[in-house]
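A short worksheet on the structure shown next.
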Amino acid sequence: MTLPLTPVWFVALPLLLAFASPLWVRLRLLMPLLVGTPAVLLLLALALLPEVRIAPLVETIVIAPPLGIHLQLDSASWILVALISFTGLLATAFIWLGDGESYLRDRRAFIFLLLLIAGCNGMVLTGDLFNLYVFLEISGVSAYALSALRRDAPALEAGLKYLLIGSVAAVFFLFAVVLVYLQIGQLNLAAIAEGFAGIPGPMQILIGLLMLVGLGIKAELFPFNFWVPDIYQGSHPVVAGLYSGFLVKAFLFVLFHLVFLLLADPGVAGAWLMGLGAATMLVAEVVALRQDDMRRMLAYSSLGQIGLIALALGFGAEATTAGGLFHMANHTLIKLVLFLTAAVLMRSFVSARLADLAGAGRARPLAAAFFVLGALAVMGLPPLNGFASKLWILKGFAEAGVFWPVALVLLAALIEAGYYFRWIKVLYEPRADLPEARAVERWGYAPIAVAAGLIVLLGVAPFLVDDLFIEGAQALLDRGAALSAVLGAGS
Amino acid sequence: MHAVVDSLAMIGVSYVMGFLFYGFYRQFNARVQRRWGPTIWQNLFDNMKFFFKSETLIHGPMFFFGPMIIMAGAFTTVLFVPFLKDSDWLQGFSQYGNLILIIYLLVVGPLGNALAVGSSGNPFGVMGVTRGLTRLMGLEVPFFLGLAMVMLQHETASVHAIMAAQDSLAHWGIVTNPIAFCVILLPFIGSQHGAPFDVVGAPVEVYAGPRVEFGGRLLGVLMTQRMMMSIAKLVLLVDLFLGGATNILVLIAKAFSLFLLTTVISMVFPRLKTEQAVDFFWKVPLGLGVLGVILTVWLPSWSA
Amino acid sequence: MLAFLNDPGVLHGIVVLGTLILFFIGLYGLLAKRHLLKVLIGIALMELSVYLLFIGLATSPGETAPILSDGLRSFTHMADPVPQALTLTAIVIGLAVLALGVSLAIQYHRLTGRADVASLTELKEPR
Amino acid sequence: MSAILRLLFLIVSLSPGLLLLAWDGSLSWTLIDGVRLSLTLTPLAGFFMVLLAVAAPLVALPMLRRPLDWSSLALYVPLVLGMELLLLAGDFISFFIGWEIMTWSSYLLLLRSPRADLETSQSYILFNLASAFLLLAGILFYYSLSGDFRIGPLAGTTFGQELILAVLLGLAFLIKVGTLPLHIWVPSSYDQAPDLFSAFLSGAISKMGVYGLILLLTLFPDALTSLAGRLLEGPAAGYLLAWIGVVTSVVATYKAIAQEDMKRLLAYSSIAQVGYITTAIGVGSSLALAGALYLALVHTLVKVLLFISVAGIVLQTGQRRFKDLGKLIERMPVSFFGVLIGIIGLAGMPPLPGFAAKYLIFVSLVDARWLLLLAAMILASTAAFIYCYKLIYGPFLGHANSPQAREAREAPLIYLVPQVILMALLVLFGFLPGLPVQVLIDPVLVALGMETIGGASWAELTTTYGGYDGVVLMLVFIIAFVLVTGIFLLLRGRMHRAGSPYDLSYAGEVPTEGTPLHYGAGMGRELHRIPLVGWILRRGTRGFYLGLAGQMRAAAALLGSLYVGRPQIWILIAVVVFAASLAAQSMLGGL
């Protein structure tokens, strides 16, 4: 029997494996499968890449669109899918190889991690609005559960808080879905896009705002992102790395995908999102200055980068969009390095607080070196990947002759340097009484090293991949092509 | 051979002139104060006496080399100042140098000596050096500004060319550029260690000054170089403002009249503290200089 | 007597009004109550109001259930089946979220003895 | 293994020199879509590459002293390579990449010092990154004007656009060279950096800002002669730059005099020297530019020499304050000569080449008729004598003031070799002041389309205002010195050395070991009593920047208070924002 290589596996495989988990426990295959699933998905994505670059793959489930449900893998969503699989691979490899906390290695963690991957893949791929809601809830529920996995008071608190705010977001989004259906009578995104202009103006605004609040909360945009630091701080750093690595990216992608697909003229909405992005970036970077918990600091830093990406995507020019997508990928790699390093440091020194980590760089030189690398990359210093994508974004703004985002981005980077370099300085603090470091599994460094290697590689040779992102940007921005791919050339 | 003889002649001339001028100064000073004062040769005798002292106390090698550096500096300075114009003699190596170089050569020696003072280990000596450098900092600004005005006027830094341009009394620097002369005059007195700017080496309540540790032959060396340096500076000013000199008698006459002028000014003012001196240099001569720059540089360029 | 309710406009108006009231009750519970379970119930109420709104507005008076059976052989005068299917799905999802929330709340209560939203203060900005 | 690594390290440190010898042609490739990197070696960059080629290996050599600090060696490699990239850059993106690599690797090197505190390291990196980001903003603006990242003259720009570009890039480079009031990061970081690395910071890294400044001026046609019109005989915009440079020099010189720590003194002196260079660039004539480049060369030689000598002193005594040292002249004679030659070069005294550089700058100021600037520059450059004297008196002369200073030994050979090389170079250029002009500076002037100033021979330095001959000057001085010393020794009488260091004419008292006889710490303190100097010394920018940091923290606290840990408030905010924007939209729509 041969299984056709289709995008549906991105959702189906993790779902199936997750629900069959009791079997894997018995067969002692839990860890290999946890790492193997994203690995297989990554291979699948790579295998599909040549086809995707020619034309978007539309996978129909049962009935053809616009009536049925379909998954659509184009150049833009491919980037996200590959990113999700790759991030999942590195994070799970860290859990396995790093011999980490037992609660990350049991069956529940296995289920929720795979569900999270399935949910995010589904969100990115689906061409159906209600399916989007379903996948949004799947990834949401698994994320709430992952946050609470440790089952001590902070973890449960994080899970509860996440659940409360996440449910509200879901309600808002559901409300928007309901209104859309009532107005258009369609759920297929392409069909909605065709009919959206026919909705009365005030209703468009209401739907838009409902979606903005719903997805804005999930995509961590200011002023809907006040929950983020608490949740990142309460969750295990690896889980937080997944949130920052692909969960929020998936939501952000969905948000902009909807904007560019539904609106014939995304200018106004784009300007709103640019404003929100700029506010997110600046506020988060400023607040990060006073953080003394590494996870919380990284959370704010992550917010800042999300704001930058929103700023870039909202502008809607090809160069900024390509740069924004590239920055998404780069930020994922960087935050993975930083959060996994934070996990190593936390395991070594039990605490993630600034005061307790003073001098840690001399006890854990490798971890500290990775932290420095990640910090340099996140600030956009060459020759690391953060620089390449930031340059691309800024170049896009400069080409268009718009300079206020350039000024804000550079200001934010300067503020960011203010706290990252404080952490670096403290990590290398000369201290007579070095903190006692608990042993960590050396293999745990392997996934970090892979990500770090990519950070350097993409920084030195971004021309290896820049075509992918240009095609992704074109796919994201070209509304007509997206519609005709689903509905046929005549529409 | 010519160069060697010429150099020796220059050194000799400046030596003799220096001691005679300062001998005159002592006597003149005494007469003004209604004393008889020493003979005009007294300085020369003192100097000879120092040179033939049999005992000299030193504080380490640098203490010995400092006076040698300052003496070599004095010789070099003298050799780079042209004494006469339109003559082959008493030129030294001045065609290889220029005005700015001479100004800087004037301070090479004192800095070399400062090393010796430092190595003596006497804090009062070092205090004197610091005072000297402070005074230098004060006087150099208006001094150099005045020189710059001269250089700008003649569009050259070569002393020869400046001298050559002053071919008649009407073209003397003091006539064509009186502001520059006024600006330079007081700092010049300061650079000659003259009153009222002579606190550096002067007796105060505890003896402090660069020479506090020196004695014997080393003190003789210091004395000699000071006389020669003074003459070098006098001749330089003669070259710049009084049209230079065509023969040695004119040179002595012009230098002496300039010396007399500075001596007279020195005598009527009470001594200033170092900080007061610096402040004075930065207010009066420098203010005059700024005014001069505005008048001679800015205004013509605006009206043009 | 209630015949005016057969007018779709009136009925839909009542549905909108009712569900909005329900929505705001839920929102009030979510924002003002301090017990975790009450807050969760507030969320459930909000979700419920959205379901009701969906079903209510997607159906007009006189439409029957979209099921073919004896005598009903064509899809005329039937309600649109999609909202109902969607609502069912949404209810299942909402239930899952609610269950997870309640279980977390119970665990939190067991661990700390507290069930107050305001007592979730372990994670906060540094002073 | 270790030997191979050390050899590799040395090869990297020599690579700027090798590059100079071996580089020909150019190299280019695409970084991302539309961004093409290209590397060439222009004569201007070649000049600064020479500085790097001198500084890099000479600083690297003493770094190989055991015990080796491998992290420092590893960080030195990207630093040198980044600077090479910066100099080879034919386009602004490679320039920026090199600039940033230089920035972060030098920061991490700074952290290797156990003395670096948080305030210093933060100010170092934040100022340098601010410089880098201003640079990037300027580059992007340049890109929007020219449509290309290649470095080349702009055409068809308005004055407003030129002004924006000049301000952005100019501020970036002025931060790097450390002019007032953007200098606050310099003294503390030069002071607290690892001792040898300070030499590199001052000798090589600060020169990159100078390179940038000159490069900036080449972007505008006629920038060097008449940007923003002419004032007297020079460019009006340059007049402003020149005053910035001179004020920097004056203030930094007085601050240097007031320092009680050798490295801080040298740091302020670096600021002052770079201030002169800035002034000369402002004048912009070929004489001035030659002076600027010459001074950059001399300053590199001198500061590397001085910082390495000081590093040797600190290594052997563990002391760095003037009041804790003294009388090392007999214990560390080579270092003494290093510092002696260094301060003669630093003070710009003839016959060493420092004078040649200052001479060119002075003449160019007279030539431009900017006499007030000249006066201010003379002020700084004469006041510099005081700190130069302090620098040699404090450690080497007077009385030994600490047990370590009494028992110190000469610095290790690996520290002395670079010092000797640098001393030899300085003396060589003293003999042949025209050598750097003809070999190094004239090609740059030709490339910039200016008149060359080289004379007939290497011994001469010529200008339209006259020049001087280094060989004659040096020979006269040396012969005079030999003659004087010889005659003195031939004279009758004998010398004998004082029996004890306390054998002094001490105002009639007899000093003992307990008497404070070292004047190292207090030297220059009396300058406070001069009104102008006192006014300068009482002022500083630290308070301003600390205040700025405080404001930033306050803003962080204020915005941080939005991030309350209470879900209900998050939801409330979301609902309120939703309602408010809905209301606003409907109002706008209704209106």
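All chains are identified by letter, namely A, B, C and D, in their written order; residue positions are counted from 1 within each chain.
Methods note: contacts are C-beta pairs under 8 Å (C-beta built on N, C-alpha and C of every residue); 3 or more make two chains touch, one makes a residue touch a chain.
For reference, the UniProt names are B = NADH-quinone oxidoreductase subunit H; C = Putative Na(+) H(+) antiporter subunit C.
Keep in mind the model is a prediction, meaning the values are calculated, not measured.
A.B. asks: Go through A-C and B-D and name the pair with more C-beta contacts between its chains.
C.D. replies: B-D
A.B. asks: So which chain ends up closest to the centre of the protein, judged by Cα positions averaged per chain?
C.D. replies: D
A.B. asks: Let me have the rounded angstrom distance from the C-alpha centre of chain A over to the C-alpha centre of chain C, please.
C.D. replies: Centre separation, chain A to chain C: 29 Å.
A.B. asks: Using mean C-alpha positions as chain centres, tell me how far chain B is from chain D in Å, no decimals.
C.D. replies: Roughly 34 Å separates the two chain centres.
A.B. asks: Quick check: how many Å separate the C-alpha centres of chain A and chain B?
C.D. replies: 78
A.B. asks: So how far apart, in whole Å, are chain C and chain D when each is placed at the average of its C-alpha atoms?
C.D. replies: Measuring from centre to centre gives 70 Å for this pair.
A.B. asks: When you check chain A against every other chain, which residues touch at least two of them?
C.D. replies: Those would be 160-161, 164, 168, 229-230, 287, 290.
A.B. asks: Note the residues in chain C that touch 2 or more other chains, in rising order.
C.D. replies: 30, 39, 117, 120, 123-125
A.B. asks: Touch graph across the chains, line, ring, star, complete or other?
C.D. replies: other
A.B. asks: Write out all the pairs of touching chains, ordered by chain label.
C.D. replies: All touching pairs, sorted by chain label, are A-C, A-D, B-D, C-D.
A.B. asks: Help me check something: in the complex, which residues belonging to chain A touch chain D?
C.D. replies: Residues of chain A touching chain D: 160-161, 164-165, 168, 172, 201-202, 205-206, 209-210, 213, 216-217, 223-224, 226-227, 229-230, 283, 286-290, 319, 322, 326, 372, 376, 379, 381-383, 387-388, 391-392, 394-395, 397-399, 401, 403, 406-407, 410-411, 413-415, 417-418, 421-422, 424-426, 428, 430, 462-463, 466-467, 470.
A.B. asks: Could you please specify the touching residues of chain C with respect to chain D in the complex?
C.D. replies: 27, 30-32, 39, 117-118, 120-121, 123-125
A.B. asks: Per the contact definition, I'd like the list of chain D residues that touch chain C in the complex.
C.D. replies: Listed in rising order, the residues of chain D that touch chain C are 560-561, 563-568, 571-572, 575.
A.B. asks: Which residues of chain A touch chain C in their complex?
C.D. replies: These residues of chain A touch chain C: 130, 133-134, 137, 140-141, 144-145, 148, 151-154, 156-161, 163-164, 167-168, 170-171, 174-175, 178, 181-182, 185, 187, 229-231, 233-234, 287, 290-293, 296.
A.B. asks: Which stretch or stretches of chain C touch chain A in the complex?
C.D. replies: Interface residues on chain C, with respect to chain A: 30, 36, 39-40, 43, 46-47, 50, 53-54, 57-58, 80, 82-83, 86, 89-90, 93, 96-97, 100-101, 104-105, 107-108, 111-112, 117, 120, 122-126.
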